[in-house]
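Listed below are the structures to be examined.
Look for chain A in each of the two complexes below; its partner is chain B in the first and chain C in the second.
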Partner chain A sequence: MSAREDGLIAADAVRATPDTRAVAAGKAMRWRSRQAVNFWLKWVMVVLAYVFLHAPLIVVIGASFNGGGEYAAIEFPPASPSIEWYFEIPMQQFEALGLSFALASLASLSAVIIGVPAALGLVRSNLPGKTLIGVVFRSPLQIPAVVSGIAFLQMYYLVGDATGFFAQGSFIGLAIGHIFIAIPYVVGTVVAVLQRFDHRLEEAALSLGASPWRTFRRVTLPVIMPGVYAGALYAFMVSFGDVPLSIFLTAPGYVTYPVELFSALENDFDPSILASGTLVILFCLVVMIVVQRVVGLDALLKIGGTGKGR
Partner chain B sequence: MSKVTFRKAVKRYGNFTALQPLDLDIREGEFLTLLGPSGCGKTTTLRLVAGFIQPTEGSVYIGDEDVTGKPPQKRGIGMVFQDYALFPHMTIEENIGFALKERGASAGEIKTRVWDLLQLVELPGVKDRYPTELSGGQQQRVAVARAVAHTPRVLLMDEPLGALDLKLRESMQIELRNIQKSLGITTIYVTHDQIEAMNMSDRIAVMNEGVLEQIGSAEELYDTPKTKFVADFIGQINLLPVTGAEQRSDHAVAGFNGSEIKVVMPAERRVPTGSAVLGVRPEQLTIVPKETAVNGANRLDGQIMSTRFVGNVIKIEVGIGMAQTFVVDMHPSAVAGLTAGAEVGVVWQPESGFLLED
Partner chain C sequence: MTVRWDLLLIPSFLFTFILLSVSQTLFLEGSFYKDLGLGRTGDTLDLVNYVRVFTDGFYLTTLWITVKVSALATICTLVFSFPVAYVIARMRSSWGMILLSGIVVSTFITIVIKVFGIIIIFSADGWLNQFLMSTGITTEPYSIIGTQEGVVIGLMYFTLGFGVLTLYSVVQTIPTSLEEAAEIHGASRPRMFRRVILPLAMPGLVAGGLMVFNMCMGAFTSAALLGGGKVFTLPVLIQRTIMMEVKYSMAGTLAAVLLVAVILINVLSIILIRRMHFARGVLA
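Entry: the complex of A and B
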């Protein structure tokens, strides 16, 4: 491209009189310097984006290796490198981590079980009031999580008054809330994939003798699977990182990891929080690598991009 | 290998009739093409055989079995789609073996059959690849192999070459036809491309606005079109509105701009009673000097508007009055002096023309 344009400009220069030749040469030079600016601008943008996204993580990870006993504060780069804070992480943070992991797994699994059929119905059926149902499934995204948290708490009180079973501060109570906020992510991605789904794939399967159920199992489901994985991953992350909803539904001794960190920061801050944060960052990295190996992250990013859109 | 029969099959969507009552007999082992512009009902007809849609009235038979109301998976068909519709998550072997697996074939049987089919479509050695790793033409061959793996009773093809470029399309036409012949499988093929239809088919069914206009071999449709639509759709033709068409003892006559035109048609063809058009193919016309005596042939005088060189012939457009033109195909060696503006006569034999209802 650039060679060709250079050639064109050069050809102009040859044909031209000395006067216009100088003008053409100037044009070529300006064009080249514009290319150089474009090139560097692109790099600067990329670097800035990376710094913006990763600087907080790097600071947290770096500062977690700063020793210095009781008087420690966030210091980056670490003044006296040490891993001492990794041994100071309180046990309840690990317990909270375990709870959050179980909760996020259950929430994303349940969101898939509820969300995939919902998405199928929303895209495929001609149910009256389909749009309204779609709005209902997306609504958890539109309600601030704090409001949802209060609403759930109030509901649990009401249900508790009536039945004697108080769900707040229980696993089941937390799980219901988390499933609630996780569903829109699964419904959203699966609806997107289904809307782009080439229905001729299903017709092909039927014409080859597969029953509707077999067609769903052997063709539809595998083709939309990247979308399901993507939705499940979002759902997991949303549940795993949630504070505003969970803070209302946890009880002492029964606390999710983000809520635990939150109260630790408020009450007795020390660099062990940075250490445990670093462990979670590493854990997430490992999850990402595993997902990349098993499904392929690009598949998740361009959800359902296997079929050709038309 | 079965025949396919339509009996008064109709398809309506609300007030819109996609297919007017259709009676059609497709013979065993025949390659039949449904040809027509988009929206003519050809795809509707094909999908009625596939079972993706059901007729509003009437019935569809495959072999002697009435399949009306039967779902596609129980019809024993194979289908090739325009965009191939290969399963993206399956290898070529899994794609081709799909129907066999659904029928409970063993892994060994599937392997052998897939190998045979890949030989048939001349794609040995791709069985472990995925569809996206193949070119368009290769994917289309795989789609054909997949559609015939279970030896279906009928093979249905919906514009299967539409996504390919021209050169590849021509070679694939021959290849598809050869595969179809070697399998001897009844095939219904949908296209809007008349050249493709003529290249491949035993018979062509020309459709327009939900109506089957005419069915016949390419030669029949070209030489003796029954309707103006067919005459116009198959090949190139000059259509001239004429007046006062009537049958005389051994020939018919019609008037144009004060001249009498003589038409000799086969006995089974009727002179239309309403308004009529005269149809005559460009290669049946020749150009003579103005006012040449032509004893027995028809001649209309006019002026050459333009000439166009298209390789094997030169197309000469002659204005013949009343804002009508005739396109004449002339051999490049016979056009000396025929330039735009020249006054000439256009001549054709009475047997070359035919009268059609307008």
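Entry: the complex of A and C
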């Protein structure tokens, strides 16, 4: 195909005689059928991608409703539908879910408390090494979580040797690690909002006699709030689903839900984890719907579409 | 305004910087002590561990497999996520948002649950294998668990959603008017795609591709579960070296190699993107 050929189709239409018109019509038809092939190809890819992404989730949900008592096999589609496994979820899994929930809540809250001032400072101050400071704030995202995991584990050992308090396998030890990986999400989303911030809004407030603090609370904060929500959500979900960092920082009998699920899959499992997994899927769904109602998915995607999970 | 924004930065910066520098220096320093196994290390700094990583066949194979599956997963992710991102970005109805939320939800759900679903799908007496065997496509139950293809697919579960979300924002920056102009001048869709969309999306594709590659190199959960103890990538090996062999400094060495690789890819991507912007500026 050459540029000339493209031009020819257009030229055909201009100097059309009865003869060339037939040629042009043929070309147009071929062009249209190619369009159709292209259209379908695109949609086939889209459908494939969605089936690919969602099939495992649907299988987990479906298989969780398969009954059959003691010798139940994991089956999809469920052979004997029942909800018995929802009553068989052992306490251990609820404890793990509780720990994950507490950790993720604390991590996202702390990430907001630490990340929002950081973002304000990054965008609004004019320190000389600002780019480098930005790199430091982003680095927990770039460092593979496994690497952070062993780095924190060794740090906790050394701190333990020095002070007698070993943080691995404790809530505080897990929390510090999770806050560390959660901060970049809040910093990222809030920086993105602040960079588009219209300064005239603040100037107007100040010139009308509002104090700087009042201006911040009544003007700046409401504008950056969607960014804060988005960052907090990303932080929560990353912390709630993390395996590679937590696997080093948990102790036997004190594990987060993803780690519990991970070791179950590596060793041995019964269908009750399908039921708890389904509850987690539903929980994520509910969180998403609430977020969509409160902030709007649109804002969420525009702000932090390039977040990086693990 | 007389607000000292830089003061606001200090506490947050100190928190991140101290955690980052202390944890990373400690393990990097540890990686230079010879590993004697079972948590014991030598007393002097040397490069024994590093020499071993780059001479021992097993470690070299692991490095190669990590790069290979990451590259394959990156290519597949880009090939799948670009059409999806394009279709969604060009949708005018509210369906676009609904499709996008589908992606976001599946991205947010922990990868362990998704891998669980994959394990069920490929179980020996599962629906897929019964179908494959009854139609005679295979005689033995087929499983992707413990194969390199399985790891590639696992990595794709980890990256596809992010790929779509990233490329979605890339496609949104390409004005539809350019496509219309090409179409009015008689360009076919494939040609328009090749000559208009692809060049404009290229910086985004390169950036997104390197991001996805980086994620794959560091991916642990999906690689560990779908590798099934047979296929090892670097992150999986790092975890096993600590948990099963209790070799802290050897694991530190492997982690250092991974870290350096990831940082190099990041630097490379920044340089590449800068170059492309420069080239585009010259051409325009």
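Quick notes on this structure:
We adopt the following convention: the second predicted complex is superposed on the first by the 244 of 310 C-alpha atoms of A that agree within 3 Å, B and C clash if a C-alpha of one lies under 4 Å from a C-alpha of the other, contacts with A are read in each partner's own complex, and residues count from 1 in each chain.
What we mean here is this: a residue touches a chain if its C-beta (ideal position, glycine included) is under 8 Å from a C-beta of that chain, and two chains touch if they have at least 3 such contacts.
If you're wondering where the values come from, they're calculated on a predicted model, not measured in any experiment.
By the document's definition of touching, of the two partners only chain B reaches A:L201; chain C does not. Counting the residues of chain A that each partner touches, chain B and chain C differ, and the larger count belongs to C.
After overlaying the two complexes on the shared chain, residue contacts for A:V51 are found with neither chain B nor chain C.
Look at A:V223: by the touch rule set out above, it reaches chain B but stays clear of chain C.
Judged by the touch definition given at the top, the superposed model places A:M155 against chain C, while chain B stays out of reach. Of the two partner chains placed by the overlay, neither chain B nor chain C lies in contact with A:I83. Residue contacts after overlaying the shared chain place A:V290 against neither chain B nor chain C. Applying the stated contact rule after C-alpha superposition, one finds that A:S211 touches chain B and leaves chain C untouched. Put simply, chain A uses residues 206, 212, 306-308, 310 to touch chain B in one complex and chain C in the other. Chain A makes touch with chain C in their complex at residues 1, 6-7, 9-10, 31, 34-35, 38, 41-43, 45-46, 48-50, 52-60, 63, 73-77, 114-115, 117-118, 120-127, 133, 136-137, 139-140, 142-155, 158, 176, 180, 183, 202, 206, 212, 237, 240-244, 247-248, 257-258, 261-262, 265-266, 273-274, 277, 280-281, 284-285, 287-288, 292, 297-298, 300-302, 305-310.
Residues 50-52, 71-79, 81, 83, 85-89, 98-99, 102-103, 132, 146-147, 149-150, 156 of chain B are the ones that touch chain A when the two sit in their complex.
Per the touch definition, chain C reaches chain A in the complex via residues 1-13, 15-17, 19-20, 22-24, 26-27, 30, 80-81, 83-84, 86-87, 97, 99-121, 123, 125-127, 156-158, 160-162, 164-166, 168-169, 185-191, 211, 214-215, 217-221, 224-225, 235, 238-239, 242-243, 248, 251-252, 255, 258-259, 262-263, 266. Within the complex, the chain A residues that touch chain B are 198, 200-201, 203-212, 214-215, 218-219, 222-223, 225, 306-308, 310.
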